[in-house]
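Here come two complexes built around subunit A, the first alongside subunit B, the second alongside subunit C.
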Partner chain A sequence: MAESRGWPGALSGVRGGILKISLILAALYLVVSLLPHVFEVADYRQFPVIGSRVLVWCLAQGHLMFAGFVLGVPIFALIAEVMGVVLKSERYDGLAKDFTRLLAMSYTITATLGALLLVALVALYPRFVAHMEKVFDPTWGFYVAVIFGEALFAYLYWYTWDLLQGSRKGWHVFLGVMVNVLAIGILVITNAWTGYMMTPGGVEGTELAITVTSRFDAFVNYAWMPLNIHRMLANVCFGGAIVGAYAAFRFLAATDDEERANYDWMGYIGSFIAVAAFIPLPFAGYYLGLEIYSYSQQMGVSMMGGSFAQLWILQAILIGSLFLAINLYLWLAMGRIPGGERYRKYQAPVLVVLATGLAVWATPHTIIATFAEMKAMGAAHHPRLGVLGLMSAKNTAVNLMIIATFITFMLYRRGNKRATSAFAVPGNWIQGVAFVAVVVGIVWIGIYGYFVPAAVRVGLSKYQPLMVGGFMVLFLAIEGPAYRGAKSLGEIRWGQMPRISQYVLFFLAVTFTWLMGLMGYIRSGIRQHWHVYQVMRDTSEGAYIPTHGFATMVVSIIVIIFFLFVSMVFALAMRSELRERRAS
Partner chain B sequence: MRRLALPLAALVWVAVWAALRFGVQPPIPGQVMGLYMSITTVAILVYVLADQERTRAFLAPLVALLRESHLAVPRLGVLIVVPLLLGWYTYDSVRPRFDPPFEARTIHPEPPASFRLHGADFDVLRGHRPEGMGVNAQNLAAGRRLYYRNCMYCHGDYLNGQGHFADALNPLPANFRDSGTIAQLEETYVFWRVSTGGPGLPDGATPWNSSMPVWQDFLTEEEIWQVVAYIYDATGYTPRESGSAEGH
Partner chain C sequence: MRAVFLRILGFVILITLFYGGIGRWWLTQAEEHPPPELEITVHTDADTLISMGRTLLGSRGGCLLCHKISEQGNTRGPDLRGVGARAASRKPGMSSEAYLVESLVNPGAYVVEEFATAGGASIMPVANRPPADLSPTELKALVAYLQSLGGEVTVEITAQDVAVAAARKEPPPASLDTHPGADLLTQHACIACHDVKGTMRLVGPPLTNVRERLSATEIRQSILDPDAVVAEGFPPGLMLKDFAQTVPPDELDQIVSYLSGEVPLAERLSHPAVHLVALILLFNGGVWIMRRLALSRAVASGEPNA
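Right after this comes the complex of A and B.
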């Protein structure tokens, strides 16, 4: 491994990485410059067999998945590294390095997919690219510079890991900060483009006859900030899930107990990161949806009540399954904690909350029913279940599911501890009273939402997550003093996890990825026959909404291809780690 | 208790099914029932898997059935009955039926950006109730008169979709008192639906079979706004407000 061969090896690794990225960018520039000379002038061109739309769809989604991974992982790699410095723990440093190990190869794949996407857009959708160029031309060069900077710092971050240790660690942390700053830069620039396509601003006119009145408004468009927040959280969550899957792969392939223990721990940390970012994600998604609805009721209605409504049922099932899987993983993990068996009695009530919450969340407002069923109901809405189809019920269900998962996690944390502090009993009482109060409050807001105007209901919905967040903060604030000096019932037996728990980690990674693909399709699809909503019409052959079956099939194929690439990254990372170990 | 994991799991499953099947009236449609029972099945399996001893206890009778020599007769029975049940289920799913097919109907179709109203364009996305057609006692009284003269026969005198003609219509008239109908929508949306009726349904509103008349052929713009104001006032709902995209 380059980093084990001192500075010359590290610099050679960085040079190699930068050379790869430079070659990709140069080839891209060349191809994009030549394309107009190769093809005759046209608004659209058809890609054979699968069609232009499906090709661009696959490339864009595949690129986005890898981009999400390479933007999300550095955030928690840096956090783990800083924790290693603060706690003086080599274990955290090793974990951060293991996270980063997965990035080196992923950057190349991300860049390649991004380059292919751009070539496909220029070749197949030249008129659309011409429009975007008019609006965002100044951002292109800046974007390339940021990508270049990101790659440079990322390779430096990886290849200097062993060299910048001890008194030089601060420099390495600085490199990690730069990787993240530039990664966020990439995210906000691309979100401006995506946001503009949905909620354009700063232009007058339509099609190619537009005048840019304010480039700032085009960039900082209506959906920009919600997209930034949503994607930032989603990237961390997604990155955590993929890292968890890598740890599961290594756990299952481990040949000794030490290795198994290490990857069990890594899997736990990966899933913890995924869950921590996952908890606020539904609210960030709700905020994005709300902003889209506010911008245009046409897109809002398409999304929630029209053509795409049934896909939200699928989304609810997927997210509900994630909640179930996360809880299952934690309960299985409690099996390797001495004293964890004390909390088994909470499994059934937590499951009842999760299953009921999922049932409420997945209840469609408009039910697909036979004529006889419709007649019996008196409408397409069931007179009893119809109320569960509205956001008031669904928000309530999600919030209760989050609290239930939080409780499971706190029980896991308490697993091998017996409180001895004098504050433990009153602290538990306060936590119990707060729990009851927050549950009653959430349910009350949910019910009250049916009796107030839509504007008030939407406004009220933010108090539910605020209550949940407040409850978590209070619970954690009490937990510290209540369990200070707690008696240990034994060490966690890392590595002694049933194998099925590792398949749960795979399930989390695949489900997160599939969910990302599905939601990406919905977000993009609600523009319908517009490249740029209400500004540039899509007049290509693919300007229609495909059937849900077709769309979900495409998403599934993208997920399969993504995991084939990810498997390759896993195999290379494992080979690199084994080689490094042999060398040392 | 753990010894009984499998029968208890089966009992819970049957109890949930029975509660949903017989405890909710009118009966829950197949789509939702399938969803609820799938969730129940997964939840039970998660509970079983969450504890290794529980998993072993759950699987023990199944493993014994497949392995123990003294259970050869019940094993044979299971190996015959299960494929037969699956075969019957498959046959029942694919056999020809005479029932009308499902209608994947979009209840709230996405509105167009604009539509033709008495020969002029009306902007649904950025339009609003015109000045002079505000919600006041006079307009509400006029709206009420118009509603009972024109709309009540289908949408009902209680605005709950149970009018005189309701039973003859498919799809059924909208129930304005349901919190999932006009309460979720902006006023311009309702104005568009009343103005253009069934023939004005957009491409996405399959199967385009609403029997709602095109009311702009019978009412003036002012009268339609009056009716819209009345149905909101009578049901106690207020229209959803649109956000402002000004400056963006």
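Right after this comes the complex of A and C.
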């Protein structure tokens, strides 16, 4: 069983975990209560060497990354466990357990980083904390209660894994459901605070002279629901990528074929989860952007066309790299599938679509150029390439990249199958016609967008993802009957993957993490010199937008520190597994 | 294992620095600071005012995010070239200055047709509220600049504009003290006669260290019946005697609690520390009891590991 003997052993583990969380929270409360007595009254205090802003930035982002991981992993751990029950597969149950193994230590790191963040905020930004306290005071106690509940169910979920098997499995699934329900509770509470800072509501007045007119409006602010959806998807995606990285590490360090096969499979599942959650993520991002624009046109314009505009080029490079890496991994993985070589001919066209899409997406509309360059071009944007910087071109590029990746995945799924059903040939034709139709449709909308006013163009942009989604649903609906009873060309040779494929999994994890850091910076930065947009000004020394170079270097350092912590989690998970093996 | 770890760590650092490097060496590097405060007085001449207006247009006003003043620029809002001339005739009977002020503080009053939303509204934020939050003097500077774009500058800064702008710069009356009693002292105008942050002698005695002189009961009495006991050196009859009617009982409790430092039992029980301790006891105690029960059952059933 999971590191314990019988119920007393399991509950000893739970007791240890709850005690750890209790000590962290008690120490946090004591420190936060003592701080006002230690320091003189001030609006801001400066942290030595790196400054208050960078310290809080690093702590907040690090906390958010671990929080994203511990909130995302239980979702697909539970799904894997339920699949194990439904398919009566011990393999899926073992996979779910391996996912959960990574959580125990991560909870402690998340709580510690959260505690450090709060201490830093109270010590360095007391005026801002006082404002938030006035608005959200009733939520603090509730939040702590939910954290305790989440920790209790998470530790129970882990420590009772082997106890609640067989006829008692339903109870274990119930524990998993509770872990997720409470995790969502944590997410929605914290998103209310973050959303309020961006799109505040429910208050009158400014600075500390505010009256809370509606706590409900302060909580359910404009950005709240889009943040909930966006972060939920991003957490699953991020969790999948980190699990994939763990599997890659175990694959590379494996000493026998069985272990290698197991972690090859785990890496595949991890990356599949990451990609599945990644596909709808841009649309959740659109929704968040839409709400930001609805709240304040100026904030929206600052985000997309002002100080942060150039960072979207970097975002395009990151997402383009993700698409390339996902496809590379799948093509490499097809090498271990008997029959997969039949589809090798499609690699080149897919690569062309992805590379062209990346180039289009990363092309800025307005290039920062010297006077001589502008004179040569005749404008601030390039006479021909400049058109690729517009929304029409970028939307077309990303939708074609999504379709190309989907096709790669479907070919991977078909790898070792030969369709024998009578519906296979007409089904394939329908899929082919639908593919041509959707590509033509996407390209046509992209070109048409250049000939209509901006408002119409923005309205058109929703039809492209709808067409992509419709195509995917149709393709999958046909795939089932077309490949029912298909002849197998051989079993997948799990573990027979080139080592480079595992570095691709690490590339995915690092790129997802870096993307999360960048988007976190943009989301927070668009408040500019406001702690709470339009309600509370930031008058501290750090109330300015740093250079892109400075910001991206801070993001890089945060990502490196995060992965050092993650390696600690990996090491502890391996040690826990070793202990468990010895015990059994 | 160590070699694998080091190789992966090197790989992670390489990718991370690659992305960081794009941001550092490929993108444009510039810091963006909050716009500086402008000193505008009744003596500020028209040219300086126009120049300040131009600064506001591109900085705090945020106007250039949507409008343009040259061939290059954004087209979400109307082209501002020649707006000084257009403004004079946009609304019959309305002067150029009045029209421009109205457009800034009430953008929905007149929306240029091709820039209206589907519902006929304007997307422009109000200029004298956050985020632009322009004061009357800054607003006039901006109007002066806009008038200068093809029209005649008629704006004049008045003493009243300057006074209103100066009042807006005053920090809002609030403190870091989150005790609700602190705000209630302001709300019920106690601070008009009592100093609560220092030792200044105003109409009444300072309240800063009142807890060292009076108990909670005495403070309550001093509020409800001010002349029952009068502070030394202050004449009786100065303080209003209607607080029993004007201050609701729960607010009176908060004020007394804030001034005396004594916390009523109900409030003590709602203190965050009490909540935290209760939660810690509840969860740790609950798990402890569950474990004891499990142990007892294991012993009773003769489990070897119990």
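As a working rule, the second predicted complex is superposed on the first by the 579 of 584 C-alpha atoms of A that agree within 3 Å, B and C clash if a C-alpha of one lies under 4 Å from a C-alpha of the other, contacts with A are read in each partner's own complex, and residues count from 1 in each chain.
Following the convention adopted for this analysis, a residue touches a chain if its C-beta (ideal position, glycine included) is under 8 Å from a C-beta of that chain, and two chains touch if they have at least 3 such contacts.
Since this is a predicted model, take the numbers as computed values, not measurements.
Considered on the superposed subunit A, subunit B and subunit C are sterically incompatible, since they clash.
Contacts of A:Ser294 after superposition on the shared chain: subunit B is touched, whereas subunit C is not. By the touch criterion defined above, A:Gly335 reaches subunit B but does not reach subunit C.
Of the two partner chains placed around the shared chain by superposition, subunit C is the only one that A:Thr547 touches, whereas subunit B remains out of contact.
Shared-chain residue A:Phe66: touches no atom of subunit B or subunit C. In the superposition on chain A, A:Gln347 makes contact with subunit B only, not with subunit C.
Residue contacts after overlaying the shared chain place A:Tyr159 against neither subunit B nor subunit C. By the document's definition of touching, of the two partners only subunit C reaches A:Val555; subunit B does not. In the superposition on chain A, A:Phe512 contacts neither subunit B nor subunit C. By the touch criterion stated above, A:Tyr412 is placed in contact with neither subunit B nor subunit C. None of the stretches 9-17, 81-89, 189-197 or 243-251 of subunit C clash with subunit B in the superposition except 81-89.
Residues 296-299, 301-302, 305-307, 310, 313, 317, 368, 379-380, 454-455, 528, 534, 545 of subunit A contact both subunit B in one complex and subunit C in the other.
Residues 24-32, 35-36, 39-40, 42-43, 46-47, 49-52, 99-100, 102-113, 124-125, 161-162, 170-172, 175, 178-180, 183-186, 188-189, 204-205, 237-245, 247-248 of subunit B are the ones that touch subunit A when the two sit in their complex. On the side of subunit A, the complex with subunit C involves touching residues 5-12, 14-15, 18-19, 22, 25-26, 29, 33, 41, 43, 126-127, 130, 133-134, 137, 140-141, 144-145, 148, 151-152, 205-210, 249, 252-253, 296-299, 301-302, 305-307, 310-311, 313-314, 317-318, 368, 379-380, 454-455, 503, 506-507, 510-511, 514, 518, 528-530, 533-535, 543-549, 551-553, 555-556, 559-560, 563, 567. For subunit A in complex with subunit B, the touching residues are 199, 201-202, 217, 221-222, 291, 293-299, 301-302, 305-307, 309-310, 313, 317, 320-321, 324, 327-328, 331-332, 335, 344, 347-348, 351-352, 354-355, 358-359, 362-374, 376-387, 389-390, 450, 453-455, 498, 500, 528, 534, 545. Residues 1, 4-5, 8-9, 11-13, 15-17, 19-20, 22-25, 27-34, 62, 65-66, 72, 74, 76, 118, 123-125, 129-133, 171-176, 178, 272-273, 275-276, 279-280, 282-284, 286-288, 290-291, 294-295, 297-298, 303, 305-306 of subunit C touch subunit A in their complex.
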